[in-house]
Amino acid sequence: MPLDLTLIIVLSLPLLGFAVNGIFGKMLSKKLVGSIATIAVFTSFILATTLFVRLDGTQIVKLFNIVDHDNFKINASFQIDALSVWMSLIITGIGSLIHLFSIGYMSNDEGYYKFFSYLNLFIFSMLILVLGSNYFVLFFGWEGVGLCSYLLISFHYNDKHKGVANSLAGRKAFIMNRIGDGGLLLGLFMLLGQFNSLEYLEIGQSLAANTHLGSGAMVFIALCLFIAATGKSAQIPLFTWLPDAMAGPTPVSALIHAATMVTAGIYLLVRSNFLFELAPSIKDLVLYIGLATTLLSAFIALRQNDIKKILAYSTVSQLGLMFVALGFGAYSVALFHVTTHAFFKALLFLGSGSVIHGMHEEQDIRKMGGLAKLMPITHFTFLIGTMAISGIPLFSGFFSKDEIMAQALHHNIWAYSILVVAVSLTAIYMFRLYFLTFHGNFRGGENLKSKVHESGLSMTLPLAILAILSVFGGILNLPGLFFKGSAHWFDNYLSQGTFGLEHIHNVHLDFNAAIQLMIFASTVALGILVWAYFVYFKKGNLAKSDLELSSWEKLSASKLYFDEAYNYLLVNPLIKLSDFTGKILDIKILRNGVYAIADGVLNTANLSRRWQSGFLSSYLFWMIFGLILFIAFYILKISI
Amino acid sequence: MQVASNIGSSLDFYLFVSIALFAIGAIGAMTRKNMIVLLMCIELMLNAVNLMLVTFSTFYGNGDAQIFVFFTMVVAAAEATVGLSIIIMAYRNLKSIDIDMYNQLKN
Amino acid sequence: MDSIVILFISGLLGLFVGMRQQTLLSLIIALGGIILAALAAFFREAYHTPLANYSNYIPTPAYVIILLCFVTLLAILGGYKRYSQDKDHIGDYFSLILFSLCGAIMMVQPNDLMLFFIGLEILSIPIYVLVGIEKGSALSAEAAVKYFFTGSFASAILLFGIALLYGATGSFQLIEIQSNLAFGIWSSPLAIIGSLFILAGFVFKIGAVPFHFWGPDVYQGASNAVLMYMSTVVKIAGIYAIVNVFGQVFRDSYLFWIDLISIIIVLSMFYGYITAWKQNSFRRLIAYSSIANAGLMLLALANTQNSNIFLFVSAYSFATIPLIIINNVANSDDDDLKNWEGIAWKNPLIAIALVVALFSLAGIPPLAGFFGKFSLLWSALPQIPYTVILALIASLIGAFVYLKLLLLALKKPSVQVKQSIPLDQIIALLITTMASLVALYFI
Amino acid sequence: MSLQIISIILGSLTLASALLVVFSKHPVRSVIYLVVTFFFITSMYIMMNAQFLAIVNMIVYAGAIMVLFLFVLMLLNLNKEAEPVTTKGSQLAAFIAGGSLFLVLITALKDTLTLGQTYRAHNDQIGLVKQLGNLLFTKYLVAFEITSILFIAAMVGAILLAKREKQIIE
Amino acid sequence: MILILLPLIFSIIAWIAPSSTMRLIGLIASACSLVASIISVSFFNPTEHVLFDLGVQLVRFSMDSLGYIMVILTNAVFFLVFLSNYYNQIIGHRRFTALAFLMQFGLLGVFTVNTILGFYLFWELTLIPIFMILYWFGSFENSRVLMKFFLYTLFGSLAMLVSVIGLMQITHQQTYDALLAADLSTIGNAGIWLMGGFLLAFAVKIPLFPFHTWQAQTYTKAPIAGTMLLSAIMLKMALFGLLKWVLPIFDGIATDFWRWPIITLSLIGIIYGAVIAIRHQNLKTIFAYASLSHLGLITAGLMLQNSQTNEFAVVQIVNHSIVAIGLFMAAGIIEQRLKTTNINELGGIAKVAPRFAFWFAVLTFISLSVPFTSGFIGEFFLIKAIFDVHVFSGILACTTLVLGAIYMLRAYQAPMFGPTKNEKFLDLRWSEIAVFALLSLAAIYFGLAPKCITDFVAHSLIQTTH
């Protein structure tokens, strides 16, 4: 099959699935709907694999021309290179697993067909995003995934209790993403202005030809792109939407808000590596933001009680970690973490989804406990996910995190120490979550307990596959330490196949340092595992109710008051401004001002009509008076 | 006619008289409330015009103006006829020829 | 001249027929006379399309005469219902109107101030009488009294002006006056003061500030039928007199009087429209609107080379007559705007005619009123731009007034009562509405 | 010189009687004074040798029109009623207006009141009946004929208005 | 050309035809116009410039590609208005149908006329029908609002009239091409004033801040068909006038003088409208202010006088029509079924009317100009054009993305989501679905292939820029 045809099929299959499910979904049976959607994505995955196999440098597939400007042309064209193919593999791969999972998870939902068509649409948009060969196409996907995210977050808008909250969460996500999109747009404008092109390759080549190193425009562009990335990838200051986005169905959280969409920001930065290399100040900003995000969100996750919220903050934290890597210029490292994170975070989310499904929509971990026996497969896979994210040695998360730590250690010891704290916190809250959920006594009441059940095959199968991936994902990019021959496969793969990354070589620590690092990291992770085991399993420490929290715990539980601060600083002033303009400026001043002028003019009629007094004598008088004025006018005129 | 040939020096005065007459007629029209007197005042104004026309006619030695005066008189007569009949009709309606009584129409 | 003779004869004939109380015959004679007069005027001079190329158009008297005849015809048609109520006097009414029309025709083709003055009086005197024909009504009597006294007062003023002008130039022939004035007599105060007095007399006739006082009172007191005639023909004749005398004869002193005219225009328009806003009587409202329209008409003086008043006055007439006819339908006895509420729902023809007439008065294209206004603005704008802009602002206020009237008339009544209109009024309404509508094709 | 004195006297008398027309309280007196005024005006016409006009003025104005006025006055039988008193304010305003009309006219025209210096006796025969008759029936024939319309209109109008209607009587 | 006279003929037919057939007449006649215009455009070579007249010297017509776009847009809008209101009372009225066709005639005239006076004439011609439609079919308890609308518009028109006369007298020309060729540089400041007159008229019509106060009230009170006509096509007259007439003719001192003031007002309008829309309670009012916001962007883009920007402004003009019809139709559906558009009284409609919820959502996102829709293309390049000229203004214009999301989502979610307050809600009828589907298809088609508009109009826009 020719390359472009393959690509088109890869792209169009999810779109087709969307169309078929969207239009005919209501008439089809639920099984069929789910199968169509899943098969569409899975076929895409297979085809994407063939792309991966046949990958040969960078290839551009041009479909059609969108805009033909005097200065530039914008095409709907797609780029097939290591980066994009890798991303599409993640998207379609994880995507098809999650589709599979959803068949079971959503089986009781009214909007079944809608859900699958949205999911397919999301996959389509995401593929557009990563496969596009220019920023314009990327933007299509960028907004498209935002749109799908909105649709899926507020999917349960009809819910009796949470309907409004769900839709508000969707709105919040969309608006925050829009802020980022605005940044991206501005960046695009600047790029167009500077390069008369939005093609990655063209921009990169012209940059390579003549470097505008550190010029203001580059900084501006990089800043704009980074703002876009913070919006999409939920970094400070635009991260608060992601926890709220957990209002969506759990597969959505797994797919969009953990594995794929939120990593679009990382993808954007990796894609634009050549730009960021020219704007070191923004790279530093990326680093600082990443550090702050990873630390703060990890802290917040410590005392959350909603199983999905914890995972959401964990996601934010992990994304922060990736940004740290980007801040160091270690693009392939960041992407490696994206990959492993996609595995284990999807696993964790799906696991939590399974739990929620089994618990009949109960999400509060304070009401769980002892589920290990009731849901063995879920428990086992969840444990693997937890260990992977906590950095237990030999799990995939261990390797990818280790790479980032290594970068940090190499560049900046302070950053490293902050990362250590953040990683430790990650392990703490993940084990807290794990132990509280699966061990101890069931706290949800007998009534609920009797109903708890293990999920069906369509749900457990993806869990199993993801668990396997989470365990072995690290193989992709083993450190050079042990496996000289096959080491850094991913690094090489990416940097050879992606424009701009050829010139960037990741630092690899020397043997001693690497060993020390690994041992230290393993110690910390295992230590926390043991500590958590004692604290939460042996002692049976429970999540406290809100009233018993100490001050730092309150701080954590209330999410560092970010939402409140935003409300106070942004939302309320905007509302006040709106009320002022709408009610006072627009109505009182402008509208009534017009009325007042009109009334003023017309009410002089009350005066002017009195001139017409009704007495003939006065009429004659005024006529004479007018005559006198005429003559006086003349006299004045000749005398002047 | 010897008289006329020396009249030149009086013409300015006649003009003055006619202007004054016009003003007096106007004052009368404004002050008097009796409609008939009012009409008379207007006749006075017309006569002022006539006087002025004759004066100019004498000045230019041109008969046109005197013809004009003739027509003015014709018009004045017609106006007086119609005016008086209007006054009579109005009197029938309001039983008064006081002009101030006629102020139903106003504002 | 032929027209005048025809009109005079048919007027006399009408008198005799009227004595026999033959209403329809009187109508036919009157209309026939008017049509014949118009034809006579038509065949005497070539027909020109005004505004053909926006310039060098000097109103051909023939064309104006035809307009005058046409408007009178409409006014007679529209007022026939009222006139035929007095079978005794119908001949008198029609002959008075025809005589008056003679005067109007004399006014618009002057070459001699004497004839001109006589024409003016012939125009006015029958109208003084006609205003008072509602003999039972005190208001009508009052209107007649007021109109008569102010009118003869204004005549005196006009005459005084003519006398002074004669004093300056020594002639009544307009051509001689013009050449004498052009010869340098304009420096003479006699000529200037004379022209000012003449202006005052004219301004009185068209009813612009500050000589407008008769307007509202007389319009209100007069019957609808008479109003149709006097609110249109008098204005047309008056404005043509002004245009001819000032635009042609006094054009050399243009710079002198144009400022005065501008002031009159602005005052008239603002005063007329603003005061019209608070009226309760329709005829009074129309009177104030006509004051404002008089101001607008005076814009024709701004450009002495090319004064395109024709379209405006015809549009004004074709808009005013249907409104008064509709008022006749709404108010058969009294004259209150309250009766206008929902009038448009009584008859579809009324609705259409009303909308067209009011939008035409407000100057909205593609109705005739717009083209009238446009032609005026076209010639006036380069000469007196500020006045024009002020006039436009005033006409915005005017739009308020017309719109208020329109909204009042269109208000849906709770009970719809259909009302039929007599045939003659239907014809008049149709003609005027069509005339307002098809103006586009005459430019 | 003597002519000028006579003119001044006549003019003054004219103005005086005109003022009396305006100021006499009784309408009938006003009429009488108006006749007197016309008389003086006529004499001024004679001074200017406008004989035809002088005669017409006497006959038409003083004779016919004034009689008509008097007739109507008597017809309405209002001579007993005293004229209603107007408010002082409006009267004052009227006087001021009339006075200032006079003043501004004089101010404006004072430079042109020099007819006497430029006057040359062209033709002292113009005011005679023969001359005017020639003019009237040649140059102004049209106007003369046209006045018939005026008169008919005035006649019809006067009759129309002044006639008592049957229904009104009832 | 028959195309322009067609609506006039239909208008007359509508006056005469029996009122029971009025619905069909409206629908079929407007479809005829649309089909006729589409057929004729397929024979049209965009580089051409067809001249024709109707026997009146002052009013001559010409067809160029920009005019064609607008003509088709007009016909399409009218067709959609008739289709979308097919089940509404208003369509059954003879008066509405006849007046609407009369208005269509006026609009087609505006878009094709070749003389400046003709432009004014047709511009004003549209005013009477829409005024009557609003009066007869709107809910103007207080006629003040209606009068305000009329007089505001008239106010602008009079200013334009002065400018039209002034322009004709100064140049002694009246046709478009002659006016373009005329050299206005010699008249200096007079040109600024003349252009000011035009701009005042346009600013009222578009409307620009602070001349917008008629808009929200009128839209809210007007019948939904009237609002659609007003916002979807009538306002476009002003943009069209700006694009085709004023900017090219006054190119030079005058445009330089007015550019930044107008852009500033537009930007204020963009933010002002959006900010007000955030908190307003009435759906129709929100959409009105949204319209203020959207049109500000187009105006600002046009004022830059860049041929490429103009092409995208045309795209955005088309898009705004799509959005306006769609959104006001949605509001109209709610209003018609529930008798209110106050979002506090609405909720949970999505549950009872899923089809409506879906299409309303599609339209909402089209109006949010997400990619794949025409709005995105238009907005992208308009903001880019502003950004290129003035970075800060571009950033300000960008805020419309965020603010737009805030108010549009609010306007969508409040009535559609949450607990169901009104159980009885008739889901969409076939005609309404057809309209929504057509609109969405058009938006997506133009979003992916804006070239079909931009390339088509490019020929006539070349002469409009320096």
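So that you can tell them apart, the chains are marked A, B, C, D and E in the order they are listed, and the count of residues begins at 1 in each.
In the analysis below, a contact is a pair of C-beta atoms (placed from the backbone, for glycine too) under 8 Å apart; a residue touches a chain by one contact, two chains touch by 3 or more.
Note that this is a predicted model, so its numbers are computed, not measured.
**Q** Average the CA atoms of each chain to get its centre, and name the chain whose centre is farthest from that of chain B.
**A** It is A whose centre lies farthest from that of chain B.
**Q** Of all the chains, which has the CA centre nearest the overall CA centre?
**A** E
**Q** Determine which two chains are connected by the greatest number of contacting C-beta pairs.
**A** That would be the chain pair B-D.
**Q** Averaging over Cα atoms per chain, report the distance between chain A and chain C in Å.
**A** Centre-to-centre distance between chain A and chain C: 76 Å.
**Q** Let me have the rounded angstrom distance from the C-alpha centre of chain B over to the C-alpha centre of chain D, please.
**A** Computed from C-alpha means, the inter-chain centre distance equals 4 Å.
**Q** From the mean C-alpha coordinate of chain D to that of chain E, what's the distance rounded to whole Å?
**A** Centre-to-centre distance between chain D and chain E: 70 Å.
**Q** Which integer distance in Å separates the CA centroid of chain A from that of chain D?
**A** 102
**Q** Could you list the positions in chain B whose residues touch two or more of the other chains?
**A** Touching at least two other chains: 15, 22, 25-26, 29-31, 33, 38-39, 55, 59-60, 62, 64, 67, 71, 75, 78-79, 82, 85-87, 89, 92, 99-100, 102-106.
**Q** Which positions in chain D touch two or more other chains at once?
**A** Correct list: 86, 90, 94, 97-98, 101, 105, 108-109, 140, 143, 147, 150, 153-154, 157-161, 168.
**Q** Quick check on chain A: which residues sit in contact with 2+ other chains?
**A** As it turns out, chain A has residues touching two or more other chains at 598, 609, 612, 614, 616-618, 620-621, 624-625, 627, 631, 634.
**Q** Pairs of chains that touch, anyone?
**A** A-B, A-C, A-D, A-E, B-C, B-D, C-D, C-E
**Q** Under the definition above, what is the set of chain E residues touching chain C in their complex?
**A** Within the complex, chain E contacts chain C at residues 55-59, 117, 120-122, 124-125, 127-128, 132, 135-136, 143, 146-147, 150-151, 154-155, 158-159, 161-162, 165-166, 168-169.
**Q** Any idea which chain B residues touch chain D in the complex?
**A** Touch list, chain B to chain D: 1, 3-17, 19-28, 30-34, 36-37, 39-41, 43-44, 47, 50-51, 54-55, 57-64, 66-67, 69-71, 73-82, 84-89, 91-92, 97-98, 100.
**Q** Looking at the complex, which residues from chain E come into contact with chain A?
**A** Of all residues in chain E, those touching chain A are 144, 148, 151-152, 210, 213, 216-217, 272, 275-276, 278-280, 307-308, 348, 350-351, 361, 365, 370-372, 376-377, 380-381, 383-384, 387-388, 394-395, 398-399, 401-402, 405-406, 409-410, 413, 416-420, 448-451, 454-455.
**Q** Considering only the defined contacts, which chain C positions touch chain B in the complex?
**A** By the definition above, chain C touches chain B via 114, 117-118, 121, 125, 128-129, 132, 135-139, 141-146, 148-149, 152-153, 155-156, 159-160, 162-164, 166-167, 170-172, 216-217, 220-221.
**Q** Could you list, by residue number, the parts of chain A that touch chain B in their complex?
**A** 609-610, 612-617, 620-621, 624
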